[in-house]
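Pasting a structure here, questions to come.
Note that the chains are named A, B, C, D, E, F, G, H, I and J in the order they appear, and that numbering of residues resets to 1 at the start of each chain.
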Amino acid sequence: MLFLVHMVVQIPLDADTELTNRLKADEKAFSQKLQREGKWRHLWRVAGQYANYSVLDVESNDELHTLLSSLPLFPYMAIQVTPLAQHPSAIAQN
Amino acid sequence: MLFLVHMVVQIPLDADTELTNRLKADEKAFSQKLQREGKWRHLWRVAGQYANYSVLDVESNDELHTLLSSLPLFPYMAIQVTPLAQHPSAIAQN
Amino acid sequence: MLFLVHMVVQIPLDADTELTNRLKADEKAFSQKLQREGKWRHLWRVAGQYANYSVLDVESNDELHTLLSSLPLFPYMAIQVTPLAQHPSAIAQN
Amino acid sequence: MLFLVHMVVQIPLDADTELTNRLKADEKAFSQKLQREGKWRHLWRVAGQYANYSVLDVESNDELHTLLSSLPLFPYMAIQVTPLAQHPSAIAQN
Amino acid sequence: MLFLVHMVVQIPLDADTELTNRLKADEKAFSQKLQREGKWRHLWRVAGQYANYSVLDVESNDELHTLLSSLPLFPYMAIQVTPLAQHPSAIAQN
Amino acid sequence: MLFLVHMVVQIPLDADTELTNRLKADEKAFSQKLQREGKWRHLWRVAGQYANYSVLDVESNDELHTLLSSLPLFPYMAIQVTPLAQHPSAIAQN
Amino acid sequence: MLFLVHMVVQIPLDADTELTNRLKADEKAFSQKLQREGKWRHLWRVAGQYANYSVLDVESNDELHTLLSSLPLFPYMAIQVTPLAQHPSAIAQN
Amino acid sequence: MLFLVHMVVQIPLDADTELTNRLKADEKAFSQKLQREGKWRHLWRVAGQYANYSVLDVESNDELHTLLSSLPLFPYMAIQVTPLAQHPSAIAQN
Amino acid sequence: MLFLVHMVVQIPLDADTELTNRLKADEKAFSQKLQREGKWRHLWRVAGQYANYSVLDVESNDELHTLLSSLPLFPYMAIQVTPLAQHPSAIAQN
Amino acid sequence: MLFLVHMVVQIPLDADTELTNRLKADEKAFSQKLQREGKWRHLWRVAGQYANYSVLDVESNDELHTLLSSLPLFPYMAIQVTPLAQHPSAIAQN
């Protein structure tokens, strides 16, 4: 089941760089693990912004929330979720 | 080069059904041709709405506009475009 | 799996009353069938508006979209969907 | 009498963790007490956000405000209230 | 129990004048009856707009919705409702 | 001459409690003096928010601004003003 | 007493030209009469739009509403009103 | 003196095609004349929309408004104007 | 050439009072000098807000920007500019 | 391939002036290098604001993002990107 997720990263300018660098590294590792498992199906940078659009493939809203709230940068992000359904004109299955 | 495209279909309630049915059929055929060619890479229905999120893979902004303005339902749609770039944490190439 | 659904009914003032009365009756019957089946778990009127907030219990985003787009009044409604997850402080299971 | 309440929790990133942890524990206990009493009828997490949608069952606007402004996390929340009425198609009484 | 109600009247420019004049007269009579009964406690024109702010005094959300949806001009109005509670600094009781 | 005034109080979480408590007490005293004088005709709490809707009765825009900018909590408030006129269906004079 | 008034003229594309031309002529005459009387103190076109910003000088909110709702184009305009007060740095009196 | 102008063309779906085709041809001719004269310095299509961003070079706000309101499609367009000044880091003069 | 300018002053609550008092005094002096020169043609307080609407009379967008960015409180203000043109019904020249 | 880019600079009032002055100097040098190379084709100040509208000429969305995220002031800016296509009425090629 797919969800389009819009994440905007908002790290305060006076944040502890060492801390946020570690969180960014953890975020990257966690994200890549989920991509390899097929749960984080797409990850794109929004051009010109510290933001991304992602497509996640999960079993339920609960799994989606657990996954997103586990992101190391979760406290620093504004997240919007859009549930996606099969489009009747799509040639591929979701 | 990828673009996230949000399309909301707004067909007036008093539109000529025969006309709009033909346009919808043309739209489906055109969309599936572009999907098979790899230009319309993803097509998802927004749950609960007559709307979709799509990802298009084109050579340029000009090709993107030519493609979108050629859609049979173009005059009936509100379209928003977001240019996507390679995300440094993505394991796949755009 | 629960979704909060906000529906605003927008019937044009010059609509055919006979048609829209039949659609409203169909909508009511369809809604009550889904309520009895447990899929339309809650249905509340927004005070002062021709609108409702509903909670639907479905298996997937696809089932949600199929259900909502089958509503007799679907072409007359503006619908917004919010996916709901289990809250850690809730004493009941979703 | 039912109200849909939307609460977004906005704890500053530099808040005193000990304090906010205690407030969160108090909030959970207070919320569960109200749920057991039937006043806080539903509590759902918004997927992907530190936010919830709740349905409260109170005698009056005054009781609603007293209850909400007593929440331990009240100073950290943005709250929106929507009064709900009986829907004519609902098979259950509010 | 008090509610602040914002009503914007939106009569289409091509509406049947005879019909809308009758509705306006009915609205006025109905509104004045409710004002005399004490249910429609205040009624103010928004300067420069075909709109009003009103304060209604009702027993419940259900009574509020029944009252507002009975207004002859209800199909022509965009209505927003704000529940009001006793203010701790007010010298009068709501 | 009446004005509907919407005031949202936004005291920073790290404000000096002693100072803000004194300001709140001053605000209450000042507000009650104006209520007794008939200038602050209505004062209602917005349910669920640290906000109020008020109706002020003043001679001019200048008196309105002088009054509002004299409020002890003025620097902590976001204020919106709506000028009110006599409604032709109102049974009471403004 | 001054008010900044923003008026956007929205004449439907299919309106009766003879009627709207007469209304525009009436509006111009009425506006110029009020300008000569000193009540309509300023009248500026918003560059690129069928809209204006005006400053009106009236005795009360009631006079303001009576004046604005008497404009021949009133049913075709979206109007926003901002009450203006004496600025402490202004060298002229309002 | 430069202005960034955003124009969105909104031709009703049921407009007279012969009329609007003639207006579009007139618009194109008028626009190209102004481009050749150097007054309409840039004209870009917004990808995916029936809209453009333009840069106009005029002597005054009056000339800007005269020019824009003379566009054959002016009654069909929503226009926003942003005045541009010389940027201190620009290597070219406006 | 006239521009309507909306300025909202946003001085942080914890700003250095001595500094901001000096800036406010400088702003007042600068503003009054420009008013006497005829460049700052009107200056009005928005009732209930730390904001003003002003009308400036300048030769060009560049002069407008130079003037506004020279205001002592410029770093503390959110500014919106609307270019004004001669209105065909105005009896005075801009 | 052209993109219209809107950049709003938001440097906190309490930022280290020495640091931000150095960043501004770097930004200017970087911007002028890109202007000379033809990649930053236009750079305009928005009158009255610490903001600019720019037109960038790049090969791809990736190049656009790399360029924008390399700006010394990138962490201090809110950026919006609009992809531009060839307009059929433009006499110049993009």
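Rule of thumb we're sticking to: a contact is a pair of C-beta atoms (placed from the backbone, for glycine too) under 8 Å apart; a residue touches a chain by one contact, two chains touch by 3 or more.
Chain labels with UniProt names: A, B, C, D, E, F, G, H, I, J = Muconolactone Delta-isomerase.
Being a predicted model, the structure only gives us computed values, none of them experimental.
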item: Each chain counted as touching subunit H and subunit J at once; value: B, I
item: Listed pair (B-J, H-J or I-J) duplicating the B-C contact set, over half by residue number; value: I-J
item: Centroid distance [mean C-alpha coordinates] between subunit H and subunit E, Å; value: 44
item: Inter-chain centre distance, subunit B versus subunit D - centres from mean C-alpha coordinates, in Å; value: 40
item: Sequence positions of subunit J contacting 2 or more other chains; value: 2-3, 45, 47-48, 61, 64-65, 81, 83-86, 94
item: In contact (per the touch rule at the top): chain pairs; value: A-B, A-C, A-D, A-J, B-C, B-H, B-J, C-D, C-E, D-E, D-F, E-F, E-G, F-G, F-I, G-H, G-I, H-I, H-J, I-J
item: Partner subunit C, residues of subunit E touching it in the complex; value: 3, 5, 12, 15, 61, 64-65, 68-69, 75-76, 79-81
item: Of subunit C, residues touching subunit E in the complex; value: 13, 45, 47-50
item: Contact set on subunit F toward subunit E in their complex; value: 2, 4, 27-28, 31-32, 35-36, 42-48, 52-53, 55, 82-92, 94
item: Touch list for subunit J against partner subunit B, complex; value: 1-3, 60-62, 64-66, 81, 83-86, 94
